[in-house]
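The following pair of complexes shares a single chain, chain A, combined with chain B in the former and chain C in the latter.
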Partner chain A sequence: MTSKITENTRWRSLINVFLKEVGIGVVLLVLVVAFSLAAPRFFSVLNVSNIFTQISINTVIAVGMTFVILLGGIDLSVGSVLALCSIIAGKALTNPSLPFGTAIVLAVTLSIASGMLIGFFNGFISETWKIHSFIVTLGMLNIARGLALQISHSRTIFNFPQIFKDFGTTTYFEVFPAIFLIALALVVIGTIILRKTVFGRMIFAIGNNEESVRLSGHNVKFYKVMAYTICGGTVGIATIMYMLRMGIASPILGVGFELNAIAAVVIGGTSMSGGKGSLIGTFLGASIMGVLNNGLLLIGMGDFARQIVTGAIIILAVILDTYRNKLSAKFNA
Partner chain B sequence: MCYPIDFPLSHESGVLMAANKIIELKNISLVFPGVRALDGVDLSIEEGEIHILLGENGAGKSSLVKTLCGVYTQTGGTMLMDGKEYAPRNPLTAINSGIRVVYQEFNLLPYLSIAENIFFEKLPKKGCLVDFKKLYSDAAAIMAKVGLDKVSPKTLVEMLGVAQMQLVEIAKALSGHSRILILDEPTATLMPDEINTLFELLMKLKAEGVSIIYISHRLNEIFRIGDRVTVLRNGQLVATKKASELDIPSIVKMMVGRNMESEYPFDESVTPSSPLLEVKNLIYQGNPHPKSFTLRKGEILGIAGLVGSGRTETMRALFGADTKAAGQIFLNGEELHITSPKNAVEKGICLLTEDRKQQGLILEMSCVENTTITDLKSVSFRGFLNREKETEATEKQISEMNIKTPGINQKTLHLSGGNQQKILIGKWLYRDSEVFIFDEPTRGIDVGAKYEIYLLLWKLASMGRGIIMVSSDLPELLGVCHRILVFSDGKITGELDRKEFDPESILKLSYSEYLNA
Partner chain C sequence: MKKMLTLAVCALMLTPIALMAKDANKKNNDDPLVVGLIMKSLANEFFMAMEEGAQAYAEKDGTFTLKTMGMNSETDFDSQVNAVDSLIIQGVDLIVLAPADSAGMVAPVKRAIDAGVTVINFDVTLDKEALRAAGLPEEFLFVGPDNTDGAEMVGNYLGEALGEGGKVFILEGNPGADNAKQRKNGFMKAIKTHGLELLASNTAHWETEEANTLMSNLLTKHPDVQGVMCANDSMALGVVRALEAAGREDVLVVGFDNIPAVKELILNDKMLATVHMDGTEMAVLAFNAGFEIIEGKRENLGWVQSPLKLANKAFFK
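After this line comes the complex of A and B, so read on.
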């Protein structure tokens, strides 16, 4: 009797996982198959490696964004913060008085630390004065961009150390760029945090019912501010990845990155009102956007048309998601 | 047969030739899963009468009103309007039949004008545009009728005071051809002179032939305006009588009823010992009356009083749930400085909120996640959750509390009310506390689950914990508690030991501050 029930629940949870996570994977699979048929070059080692490179930065930012959106918040400042972090890291990296090793370590540390600091401010201000994060991070979007332009005197920084640039172009097993592996590692670490730790449990719980969590004796503000800080931290990491790949730091980087990150999170099935979602979904969402961009280019679609199709796909993905939720709810009822 | 109120009826000032029954309820029952809200209620409303509906919290007043106005459909019995069957399918059909309700919580749109609010359901139109000229003149006419003639119909509702908002609600209710006007606790938030104005208006409406069903906790109002009084208890009709035949003691007796003791366990062997929690001069925002009381180890302390008498607010202040509370709290003689629920929980005080869906459970999450949330430290190691420990802890609660769920990973959303409540209690038992504050722990759950919860309270008491139980169910408090504190209009008006327990005196104490008003 009991074993039957556990078997039953196991099946149910399997179907649930399928409905929740794999649904979006099917979309990705269809896209991959379709593009492979339409453009033979699509599935070549070089192109796959290319896609991996292209989605890495968005994936990393979207990982942080997932934490914030799971709480029912949003971070619009990530693109500008990326520009600011790049200027700070770029200054450290090109400081002639520092040996290469020290300069690199310093640049990475400063980039992540500044990202986290700005994230902390976003969260702290939003939580202390109860201002919606949409407004706070919209303000921060301007502040960070202005700071980046001010500090850099609106100049681009380049001439990074050779070892730094070399790592940026390293590819393992011919298909896995170094920065993609960093992105994957962050998805894995993030998933472990969300699924296996007390902190992750709190993120989901607060996103679902903040008042209940507060009355259960938890410091809700701490967890919320932490989530914004993590988001800022991932932007700091994404900044370094961008610099590795492009070899420049500029105050005009990252325009529109926040929208790509939010799109990846939403396509991945994370609810904008919080409490529901996963980083696997976010990763798949970023992959879909990358595959679309790359595939449409390969089949010869122009820039403008690509934007239109990408936009349509974002909306379609979310419509699909509501159906998936209904199906899942029906199944569980 | 519907009279628009603009055309006064031929009879003089409410004196009717013969009592003309507008609506008749016969043997109405309303059953929800696990709850019998109404049980064979008979009621008739006569033309141009003010009919007072009385009963304790949960006696079935709201259910009856909601059945009348089409929110609920009765599960048994029939309703007749003018002798013909009346079966409103939704609130709109009830409105079209002339039944309007002014609820305790207003349903006004604050950023629209008074006129737009009054005619919101049926804005006068000129072509496809709103005919504002007609809107404002129609509104002004109705506003004059309800005595709201000092403000412009163009005023935004957010600018109005509570009394004026109430008049807007009444004006809205009168904008159609209202035959029955239902007022739910209309005077709860009004000042004495505003109450006088309201009563004058009601007498005027009555004179025009509108019937009024009036729900109130303020018993003294009955004799000022009421023609007949109907008392409900536990979803059943106690009696309908003429107001002139009644006095307050007899009404109280009708409301409370007797012979409930046997449903409640009382363990003579558990006796309260030394003081556990001492509250001195506790004040919370919006209430200037300092409150002091003591809870002893092994004691079940009941808190009686009407909804809105400050019971919940006091408990929340004690728990640090709302900011700006002042006063001293001692636990085992040591003063606590509670500024947040986190503080309170860490010191050993827990609160089970009255609203289990909004503030208690996380409905979208599983039994496990809801159970261990009060003490994640004990099921984790260096911040990592131990799923096995969580499962073990949850299964222990589920079997000890006899919770019925298909599995521990079931979302609490899909559990029944009683089982949800048990999960909520279980989560606090899981983190052992010294003081348990239960706010309405048995509201909306069936008798069997109630009994199990009482037994649980006694188990906690026998372990030397202190228990505070806030409840609107008076027989429950009388049956389960060692001692009862009575709240009335934000003050503590009485403290009774078990041997002094008497439903009438408790009810009198809970009404005492309102009677003086």
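After this line comes the complex of A and C, so read on.
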């Protein structure tokens, strides 16, 4: 009797895990198989490596965004903050009075620190005055873009050190671009933080029921501000990855990046009202978007049709997600 | 504590406003003519360079006062309408306008003309049908480059380098933008002239990262490509980076605009050529055409072409 129940629970939890985490993975798998059949070069080493490069920046921004969305918040400023960080880091990187090594270390530090500082402001302002993050980060979107344009006088910064640009095009084992490994590392670190630490559990708890967490005597404000700071920090890292990949810094880059990041998070099954989601899902969500963009072009679909199909798939993935949740709830019942 | 914080945050937010206000108050009152220069997005370095160049020109020339206005983004057409209306109220003599919307800007232009302000259309042409509908001449004076010609020129340069049968991509600008269409047409003419084979033509919306992604995907699909025609240099930057990442040194890239970042690429053979377009020169041509109209020496009709130059290695040496 006891063993039967245990076995039953084990099955249920397995199915549950499958539905929760792998569900969106199946969509990705179907897309990959379909494109591999339809476009001969899709599954080549070169193309897979390209897709890895193309999803890296969005993945990293989406990791930070997941923390914020898990709290039921949103960060619309990420694209503009990316531009601002790129100008700050770009100025440091091209400063002629600094040796290469120092310039690179300074650029990376400044980019991450600026991102975290802006993230901190977003969280702090939103929490102190109880303004929805949608409004605060919408304001920050304009502030950061304006600052980036003001500081740079609208000019693109280029002439990065060769060693920096070379690292941006480095690929390990022919298929893993350096920036993709950075993205993967952040997904893993983020997952550990969310799953294995008190901090992570608090994020989920606050997303589920903020009031009860507050009433049980925890400093809700601290955790929320931290989540925005982490989101800003990931934007700082994404900025360096962008500069590695493109070899430029520009005040007009990153327009619409917030929407891609939010799409990746949502396709990945994280609930916009908070409390439910995972970074593995976010990573799969970003992968689906990258695979779609790449695969649809390879099968020869036109620009406008590609845009339409991508939009449709975002909606479909989320509809599928609601069924998945219902099923998973049934198994849990 | 919270009040102090509120104050501190408010003060912080207001600092930039105070800084901007200082800039805006610079003005010479002795000059007879007042010219309003309305550009598109100042986030675009082309217009930023134009603004700085035009200001420097006005200061050196000393015969007119210049008010410059830029938009927040390329598509921010509302604030352009407001800019025209506010310049009319301020009683300027001449408005020089780069329309953000070819058809939509005709109505405010008409209002300005009715109020006795001379208007010069530059950079992007006003829509002919909308002009006619507003009771303005279809041949309303335009000062600007021939984008089709420029694209054909740099396309021909690529065609000569590749020879007949060369395989090329086109990276287009924003679908719907007039200059994007004209540049594509110019590239198509060059492709026809030199018997090139067009493997793919897609848009990357003028954008570096999108062009980079598009180019690496197109490279997978058509590894046999030999040349790429980009409708602007920002996209060319992304294309060059994609070629570097793929280790391809055999693909020739041409662009359009001559932004500062491409000089080094052309000198180092990463890019073949671009089209040099001088924003300040274009603005000055527009000012002078406007002055001539005010003095009665010219009719407000026709096309004053601003020159485009092929910018290859020799151009930068």
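By definition in this document, the second predicted complex is superposed on the first by the 326 of 333 C-alpha atoms of A that agree within 3 Å, B and C clash if a C-alpha of one lies under 4 Å from a C-alpha of the other, contacts with A are read in each partner's own complex, and residues count from 1 in each chain.
Note that in this section contacts are C-beta pairs under 8 Å (C-beta built on N, C-alpha and C of every residue); 3 or more make two chains touch, one makes a residue touch a chain.
Predicted model, so just to flag it, every value in this text is computed and none were measured.
Peer 1: Let's test your reading of the overlay: on chain A, do chain B and chain C clash or fit side by side?
Peer 2: Once chain A is superposed (C-alpha atoms), there is room for both chain B and chain C without a clash.
Peer 1: Now for A:217: first (chain B), second (chain C), both, or neither, which partner does it touch?
Peer 2: first
Peer 1: What is the contact status of A:149 with respect to chain B (first) and chain C (second): first, second, both, or neither?
Peer 2: second
Peer 1: Just to be sure I read the superposition right, which of the two partners does A:196 touch: chain B = first, chain C = second, or both, or neither?
Peer 2: In the superposition, A:196 touches chain B alone.
Peer 1: Using the touch definition from the top, say if A:324 reaches chain B (first), chain C (second), both or neither.
Peer 2: neither
Peer 1: So in the superposed three-chain picture, is A:91 touching just chain B, just chain C, both, or none of them (first/second/both/neither)?
Peer 2: After superposing on A, A:91 lies clear of both chain B and chain C.
Peer 1: Could you figure out whether chain B or chain C reaches more residues of chain A?
Peer 2: Comparing chain B with chain C, the partner touching more chain A residues is C.
Peer 1: Using only C-alpha centres after the superposition, what angle do chain B and chain C make about chain A, to the nearest 10 degrees?
Peer 2: 120
Peer 1: Quick check on the superposed model: minimum Cα to Cα separation from chain B to chain C, whole Å please.
Peer 2: In this superposition, no C-alpha atom of chain B lies closer than 14 Å to one of chain C.
Peer 1: Going by the contact definition given at the top, which residues of chain A touch chain B in one complex and chain C in the other?
Peer 2: The answer is that chain A has no such residue.
Peer 1: Where on chain C does chain A make contact in their complex?
Peer 2: Contact set of chain C toward chain A: 2, 5-6, 9, 13, 16, 42-45, 47-48, 175, 202-203, 207-209, 212-214, 216-218, 220-221, 234, 237-238, 241, 244-246, 259-261, 264.
Peer 1: Using the touch definition from the top, list the residues of chain B that touch chain A in their complex.
Peer 2: By the definition above, chain B touches chain A via 319, 321, 340-342, 344-346, 350-351, 353, 358-365, 369, 373-374, 376-377, 380, 383-385, 406-407, 409, 411, 414, 427, 431.
Peer 1: Would you pull the chain A residues touching chain C in the complex into a rising list?
Peer 2: 39, 41-42, 44, 46-47, 50, 53-54, 57, 125, 128-129, 143, 145-147, 149-150, 153-156, 158-159, 165, 168-169, 171, 177, 242, 245-248, 250-253, 255, 293-294, 297-298, 300, 302-304
Peer 1: Using the touch rule from the top, collect the residues of chain A that touch chain B in their complex.
Peer 2: The contact residues of chain A facing chain B are 5, 9, 13, 196-199, 201-202, 204-205, 208-209, 211-219, 275-276, 332-333.
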